[in-house]
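When the chains are written out, they are named A, B and C in that same order, and each has its own residue count from 1.
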Amino acid sequence: MSFDDFREELRKVVDPAAIRASDHGIKGYSLEVTARSDQVGRIARAARDTDLFLEAISGVDFTDCFQVVYFFNGFGAGSRVQVRVKVNKGESLPTISTVYDAALWHEREVFDLFGIAFDNHPNLRRLLLPEDADFHPLRKDFGRVHAVRSTDEIYGDPTA
Amino acid sequence: MWHWLVTVLGPDVVRLAVSLVAIIALVQVNALFLVWLERKVAGHIQLRLGPMEVGPHGILQTLVDGIKLVSKELITPRHVDRKLFVLAPIVVFLPVVSSFIVIPFSEHLQIRDLNVGVLLIFAFSTFNVLAILMGGWAANNKYSLLGAIRSVAQSVAYEIPLLLVVLNVLLWTGSFQMSAIVEAQSGRWNAVWMPFAALIYLICATAETNRAPFDIPEAESELVAGFHTEYSGMRFALFFLAEYSNMLIVAAVATTLFFGGWKSPPFLGFLPVPGVLWFFSKTYALVFGVVWVRWTFPRLRFDQLMNFSWKVMIPASLIHLVVYAGIIKLIR
Amino acid sequence: MATQLPEPIIEQTYYLNMGPQHPSTHGVLRLFLKLDGEYIIEADPIIGYGHRGHEKMAESHLYEQFLPNASRMDYLSGLIFNHGYVAAIEKMAGIEVPPRAEYIRVICAELNRISSHLLWFGTYIMDLGGFTPFLYAFDDREIILDILDRVTGSRLTYSYCRVGGVAKDVDDEFIAATRGFIQRLRSRWEDYHNLVTKNVIFIHRTKGVGVINREIALRFGCSGPVLRAAGVVYDIRRVEPYSVYPDLQFEIPTGTAGDAFDRYMVRLQEIEQSLRIIEQALERLPEGPIRGRAPRNVRPPRGDSYFAVEAARGALGFYIVSDGTRYPYRLKVRAPSFGNLQVLTEMLPGTLVADTISILGSIDIVVPEIDR
């Protein structure tokens, strides 16, 4: 499908208010989607049909929740899409490794560094740390960090 | 004192003892020189100088390396097959040295002119395969085993065209005796009217000695060090020595069979150069060629190597044999 | 391999560990192989031996303090990582970079790309058994390292770019040396092509080996020469241009078959294109300041941003989440080799052990950037 069809498909999956266009020149991505964990699978399949590839999956630790950020990108200009999913601590996300093989390692890395589990991942073991490590280093309660914030402090309205 | 020894032991025994000592000395000095030559040639091909520190232009480098290897602890890893582990370096080294007995260095310099000289050399060269297999198996190490298995397959595959091609020379000469083969080349060297035979021989010989581009058994970048991964100190030195002596023997046999042995080229017969000098210069020219090829080409993949032997070399040498048998029949 | 029985009665396979200490896995990579004789049935790359926690370090360091870390992730294209990190911050904070600094950054980045590709060229052939081109390539690479040493102060792990510009200005000797280098490398092409590209053994070892087509590249998120050899024209310098790349003329070399030989040719042609870029940039190098106006400790506004550059190995991405202070809240580095290495799990089954080296070498990974 084309990129416009992809946008249409997204509107069917996610609440249209959760899709925002952003300035690619400033933010680096042209579409910003806030999704729920059960919508991730359908978004990934739509991205696959649009010939996008999975560029990165990143986790971010906040006081109130984890946030898992997916980046899909196409081979044309300005086609990077950011999908942000809020995950409560202790919850897990469905895996998209059936759609994208690249997710096998990206999800293992998020699991390794944050402790977020992915359901139905065929091989969810640690990637970077030794197999017998019992900590998740990129959580804010591990080691030395400068600040721990909540999602509102980063993404919320600055005037509020 | 010599007089007394000769009368007590008999002239034959003394001659044999002296010549064996001379052969071992030759092999060691050759290894000394050849390792230095290889390192220098490699260096110059790669735009660098090679060993320069020890002795003038690094000529004593191998001697010093040898002293280092001798002084190392002989480590025997715990789970190896002890008897085979200790036996393998000996089995790889002795037959190569023994093959020098029949090489005619000059008209009168030949330890024993056996009438099955050629057969002896090729019989002894098969011990190489046995020793490599022993070494690879005994080391109880997957890498070594892989290296040894590959080496056996490679040696078997390349032994066949080697022998087929040597048959051509034997057909022409009519005898297995090394000196007779040299005599038969007084008018014309064998390589001149059997060039493909010489070429096939040289390729197969490079494969038999596990030199690049056929050095899969000891492929440094794939299997660490192949079948001699677990060997250290003097045991490793013996494998190393055996490889370089093997190179020399293979070049010496090529010189004798194809390039006229100790005879001067027909048009340069007037020069007062002794046969020994001709022999060694031809041999070392061939060795230089082998070294040159090693540092120029990458390695063949194992199945490509085997395909090359079974699908190209063996048919080529069979056809060559049939054609030349016909030609020799016609000439005679 | 023909099977006469419907399922195997006896399975004789064995496990072989390639690495983590191995001459051919560049960096500490462990390949856990399940072998049947010489054929590979399963391959599992095990990484993490070089995990140093760069992303965690970023959360307790100032943006400027993290700069040396950036070039140590992929030490072979350290300047490009430098450039990408600094440009990501500048874009987020809206800091302007003077044109002279932009051109200097591009020249140094392209020199870095050439030195990375030359090192790959030497080590790839060496893995295949030909020891000589390695030294020829390093001879050329020494000149680049000397040039960059004069201006940045280090030979391998550079911390040259600063927020708003570069640290030190280039002088006429730099320009003359770079021009001399361009001429010298162009004169060496004949040597390289005669020694390697036309070598029958090399062609046999690389043609048809490790075919990565567009579909596989899409599934695994490959980028860089691996993707371009599959025929996809995707180069971040063209698709999402940054710095002064829009003003420079260069081509994007691609391949057709996606095998190891195509990846080899793509990289060699990329070196030539980088030479073109450097020539043009040297022509157009303007006078002016080398650092723009930037606060001493930069404070990007709240929010997140993703910035991509084309490193020597593929698409490099910096995802910065900022909370408005001088310290990053989260810095994620999307390393190009991360996606490229995964392809091995698909490529290796069914091939011979000897091909492993050829395929692994042709993908060109640097394990520390995967591990971070």
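Rule of thumb we're sticking to: a residue touches a chain if its C-beta (ideal position, glycine included) is under 8 Å from a C-beta of that chain, and two chains touch if they have at least 3 such contacts.
Just so you know, these numbers come straight off a predicted model, no measurement behind them.
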item: Chain whose Cα mean lies nearest the overall Cα mean; value: C
item: Most contacted chain pair (by C-beta pair count); value: A-C
item: Rounded Å distance between subunit B and subunit C, as computed from the means of their C-alpha atoms; value: 44
item: Separation of mean Cα positions, subunit C and subunit A [Å, integer]; value: 25
item: Rounded Å distance, subunit A centre to subunit B centre (Cα mean); value: 64
item: In subunit C, residues with contacts to at least two other chains; value: none
item: In the complex with subunit C, residue positions of subunit A that touch it; value: 24-29, 51, 53-56, 58, 60-61, 69, 71, 75-78, 80, 82, 100-102, 104-106, 113, 126-130, 137-138, 140, 142-147, 149, 153-155, 158
item: In the complex with subunit A, residue positions of subunit C that touch it; value: 47-48, 51, 53, 55-56, 59-60, 91-92, 217-221, 232-234, 239-240, 302-308, 315, 317, 319, 321-323, 325, 327, 329-330, 332, 334, 338-339, 342, 345-346, 371-372
item: Interfacial residue positions of subunit C with respect to subunit B in the complex; value: 14, 16, 22-24, 38, 125-132, 134-136, 139, 195, 199, 201-202, 204-205, 352-355, 357-358
item: Contact footprint of subunit C on subunit B as seen in their complex; value: 42, 45-48, 142, 146, 212-213, 215-216, 219-222, 224, 295-304
